[in-house]
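Both of the next two complexes hold subunit A, though its partner changes from subunit B to subunit C.
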Partner chain A sequence: MRDVYLDYAAATPVDPEVTAAMLAYLTERFWNPSAPYAHAREVRDDVERARGTVARLIGARPDCLVFTAGATEANNLAFAAVEGHVVVDAIEHESVLACAATHARRTVRVGPDGLVDPAAVARAIRPDTELVSVELANGEIGCVQPVRELSRVVAAERARRLEAGETTPIYLHTDASQAAGVLSVNVATLGVDLLTLSAAKIYGPKQVGVLWASEEVRLRPLVYGGGQEGGVRSGTENVAGIVGFARALELACERRAEESRRLAGLRERLREALLARVPDMVVSGPKNPKRRLPGLLHVAFPGVEARRLVIALERRGVSVGTGSACAASRMRVSHVLEAIGMPRALAEGSLRLTMGRGTTEEDVDYAANAIAEAVCAEVSRRTVHASSIVAPDRKN
Partner chain B sequence: MVAKVYCGLSGGVDSALAAALLVEQGYDVTAVYMRNWSRDLPGFRCPWAQELADAERVAVTLGIDLEVWDCEAEYKATVVDYLVDAYAHGYTPNPDVMCNQTVKFGTFLERALDAGADFVATGHYGRVERSADGRVRLLRALDEHKDQTYFLWRVGEEALARTLLPVGEIRDKAEVRRMCAERGLGVENKPDSDGICFVGPVGIRTFLLDSLERRSGDVVEWETGRVLGRHDGAFLFTVGQRRGLDLGGGPARYVVNTDVEKNVVYVTADHDSPALFCREVTLEDVRWISGEAPVGGRYLVRTRHTGELREAELDGAVLRFEEPVRRVAPGQSAVVYDGVRCLGGGIVTK
Partner chain C sequence: MRDVYLDYAAATPVDPEVTAAMLAYLTERFWNPSAPYAHAREVRDDVERARGTVARLIGARPDCLVFTAGATEANNLAFAAVEGHVVVDAIEHESVLACAATHARRTVRVGPDGLVDPAAVARAIRPDTELVSVELANGEIGCVQPVRELSRVVAAERARRLEAGETTPIYLHTDASQAAGVLSVNVATLGVDLLTLSAAKIYGPKQVGVLWASEEVRLRPLVYGGGQEGGVRSGTENVAGIVGFARALELACERRAEESRRLAGLRERLREALLARVPDMVVSGPKNPKRRLPGLLHVAFPGVEARRLVIALERRGVSVGTGSACAASRMRVSHVLEAIGMPRALAEGSLRLTMGRGTTEEDVDYAANAIAEAVCAEVSRRTVHASSIVAPDRKN
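After this line comes the complex of A and B, so read on.
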């Protein structure tokens, strides 16, 4: 049986080149970067070189980067930098929504395609708003937010405050974890003040992330200790992880253009194959290819329970997601699908199919066939079942 | 027309096989996951999401529907609150007995019948015998080591008439696991679940201390009346208990009695103290499956799940044992058998 993995938005395998780059730091180059002898200085230099690489690839200064244990921590760090009012949208990742919940906040609604309207963000900003946080690309329905336009909104507010003699700062944060493999994450082009990245979504190791913050932003530590990472994130550096992250980001940037095109092709192939077999399938996310992640296809099958499909597909060797992993384990409809106004019944029949570097056309064809078969089997089972139920006599 | 069965599916091994056997026997099976009450505090979380996922896997493999029924309110009221209240009054209850009576063969059965079911089924180890005269009897499972009739004595004949217990017909648990594995149900390696499900890994003591007021009192030596130490509440202790007595060393001591009103726990260092034994127990809240009390006489009695079956004389609401037996904690069930047939039983009084 073929084994087809279609959940790259949940986890990516570590690229062999990344593993190769990391290996030395798990074995012979194990030294603590803070130690005083020559070997330790070597790995300190390697960490700084990796920091320089990441900085260069996102168009930033190396001393503005803080390595963290993943994107969730980076998002937490971004929110800890402000105390006042924040503005987020309704389909942010749980880590952003949870952080926002600790602040006075305004949650902006999104359209049916998941896109944030910059005008709505402009209306949500108050004189005491200190942070706006909008994910660059959503990992569940794949919409790519107009972050550049949002940066203009924030810049306009900043100009207004300057004019009015108000001193409250306002920053724009974007979590670019899901986007980095396929979209440019240059901080200057995006016009953001804070940016989160994760190695785990770009064929690097898990539990490694970075927060970039412009010089204007004063970060406040969440983890206290030996004062590593400029005092913002204490704890001995995850040297292998940081080196792996830098290599992973390099590879992502090198392959980005070609891989995006290839993934977009695979996505269309999958969408067409499924639609041909299951005509009432509903495709979510923006229609405009520029506004969606190329390797993500979010589909819903009316009258079918996605949780059952996942099991039926796993028996055919196909691994798919039903939404963000956290939501799946809690047995409730994902907040993203709720926010885009998808009816509950349809949301419960939703699959998130994400392709990546390892996905081939043969994989897509096999998966399309398996999904269509599983959906049809479920639909016919339900139809047979429904017709065998005799309507009860109504006595009154 | 094919008989319609609603089968409770818990995510465990036994109910998975029950559902599979019913499908193979040609019933029209709908699986139901009963969502019961679980405490939403750290350490108290029942892993029900995982259990539901396992149940779902079984249902999909068998190609049957799985419905999730919310039984939280009934469960909370008739099992959890009952348990806490009984402990508060110095009893040691069997929550599974109440769960079977009020939830599984109560609410679940009623809702299934309303939905058009002919039968309900569960993964319990017990057998339902339907005789030619139309009477329905509850028999111990073929696997005596797993027999669960101790928890089923409050289920009446009317409910049993609508009940299928396919797993009770299987020789032993290893066979059950093997049959699950053969069918690819994916649950065959799950451990047996024991204990009170909603209490979870924290244990009954932590659970009770979260529900009832901690009340410091004396631990008193039964024979001498001497105060040996302090405890956190007499309701935390049960007759025969050895663990959880913090008396700062010394010999092992056993709880002889608790007085929740005076908040005193009586203990003895004598494992063979007459106070730890009894010759008879008096029952309250007596129920007979057939609805009629059996004639007085000698029967087999069990006072603990899978505990020894002892001969006893039934005389009204009193059970007299042949020879002294270890004291049974008030609140526990005493279940009466005639051979392999479970007749019913009662709750042991103080």
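After this line comes the complex of A and C, so read on.
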């Protein structure tokens, strides 16, 4: 039996080159970067070199980066920088929505394809809005948001405030965790003021993230202590994790263009194979390929329970997600599918299929077959079950 | 030239068994513990098994543990659980002092040996005190605080409040990060309500910590998101780090008794060798061996600058700290030495020498010799320099 993993949006394997780069810091290079002797200064230099690498790859200044324990903490740090009103869209990651909930806020609706309308964000901005936060790419239905256009909206509001003599700052934050493996995350091109990245989504280690904030933004710590990371994020540095993150981002940038093309091809192959076998399958996300993550296919099967599919598929060696891993573990219906207006019954029949570096055409063909079989088996089971309920007396 | 590391209190090398336990999760076992399929459930089980191991080793319930990105975050989480007045002592870790500074507080003085007097804590507790936080062992001068006695003080106050019909809760927190390698950290024996541990101080990975809180304590999250760790600490779990932490604590517990004895012997050997060569050396910390960390020797050399010693010693292959690594990097005089009343000039001539699993008698003898030589060279340099200032004309 094949073992096919189709949940790269939940977790990516660590690239062997990343593991190799980290290993020295989990063995002989264990020194505390804040200690005063030569060995410690060496690892301090290694951390700063990694910071420089990440900064260069996103077009930023190294001293504007804060390494965190993942994207969730980075998003929280971004929101902690402001006190006033915030604007988010309805399909943000749970960490962003939860942070927004601690502020006065406006949640902007998204279209049925999940896309945020810049005009809607413009209307949502109030004179006291301090932060707009829109994910670069959504990890569940794969839409790539028009962040560049949003930056123009924010710039226009900034210009209006300047003109009007208003001094309230306004910043644009984007969580680019799901995007960094396949899209450019250059902060100048995106036109953002704050950007979140996660190593765990780009073949790096778990619990390592970064928040970049432009020099305009004054970050406020969430935890207090020894004053590491410019006083914003105390605690002895995760040297192995930071070095691994930098290597992971380097590899992601090197392979981005080719990998995006390859993944887009695999996604189409999977979509076509599934549609051929299950014609009533519903595909979510934007139609425009430029507006979606190349390796993500979100599908829903009418009349089928995704939870049962997951189990049927794992027996065939295929690992698939039903949405974001966080929500999945609590078996809640996804807020993303609710926001794009998917009926609850259909949402409960949804799979998020995400491909990555390890995925081959053979994997896709095997998975398509397994998924189609599982869906058909599930449909006929329900049909039999339904007819047995409708006409129980016929059985005798 | 020998390479002798004497700063185990700043960072411990990762035990090869710990690295081995972690490696699977940095390679093939990369799945997101929150995902719904079999592979993911396996790593979820691995995380829960690790949680169970840590819980058993500290005599606690697994569901009362929260894994964090290190001791600093764990300490912050402990303080975030209360809103009222707090009591700390003057030589706590910077993360505890910084958290205390966000509350109404009383900072209790310590004796010249660094020990906290339980009677002083009793006097500092007010009717609105909600948290007392005293480190189990101090990482700079090595004093082991009377936490068990402090738990009786807190219990007495709790009884008084119950009697008086007062409903304000009061908890005892201890940061046991520096102690766990050599002292028991059983929460029941210590009588604490909250306990912090760090993997990085017990031959585990950096940026992995745990906060244990009794079921009485209601923790409040510092970061919001997917709701991992019982909703208290969101973000995809650091599977490798958590598994590594559990293995590190297991090894620490297995080796604790023997290692403590061995380290106490090495410390005495180092102290005696140094005193024989530098008779005016000042040793800090408690005289009673039961009240000090076995592998830590804090010494000060009158008329010598520790910063110069660090550099002279690194040329001889000996890595030593001047205090806590956080403070050292900013070249501040340690708040711990200030609190025990050490004159500033003497504090600036202080070294913290900490031994660990890798330290041998040969290392100690080599280091003692190197330190004594460096101190003597420094003293004569200053004497020559001083005499050349006092009587410049004699030179001609």
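Everything below uses one rule, namely that the second predicted complex is superposed on the first by the 389 of 396 C-alpha atoms of A that agree within 3 Å, B and C clash if a C-alpha of one lies under 4 Å from a C-alpha of the other, contacts with A are read in each partner's own complex, and residues count from 1 in each chain.
Definition applied: a contact is a pair of C-beta atoms (placed from the backbone, for glycine too) under 8 Å apart; a residue touches a chain by one contact, two chains touch by 3 or more.
What you see is a predicted model, and the numbers here were worked out from it, not measured in a lab.
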item: Partner chain(s) touched by A:241 [first = subunit B, second = subunit C, both, neither]; value: second
item: Partner chain in contact with A:94 - subunit B first, subunit C second, else both or neither; value: second
item: Partner chain in contact with A:225 - subunit B first, subunit C second, else both or neither; value: second
item: Touched partner set for A:334, first subunit B, second subunit C, both or neither; value: neither
item: Partner with the higher number of touched subunit A residues, subunit C or subunit B; value: C
item: Contacts of A:145 with subunit B and subunit C, given as first, second, both or neither; value: neither
item: Which of subunit B and subunit C A:307 touches, first, second, both or neither; value: both
item: Contacts of A:284 with subunit B and subunit C, given as first, second, both or neither; value: neither
item: Interface residues of subunit A shared between complexes with subunit B and subunit C; value: 307, 329-330
item: Touch list for subunit B against partner subunit A, complex; value: 1-2, 28, 49, 52-53, 56-57, 59-61, 63, 65-66, 116
item: For the subunit A and subunit B complex, residues of the former touching the latter; value: 307-308, 311-312, 315, 329-331, 377, 381-382, 385, 388-390, 392
item: Parts of subunit C lying in touch with subunit A, wherever the complex brings them together; value: 5, 7, 10-14, 16, 19, 22-23, 26-28, 30-40, 69-73, 75-76, 93-95, 98-99, 101-102, 200, 205-207, 222-228, 234-241, 307, 310, 313-314, 319-322, 324-330
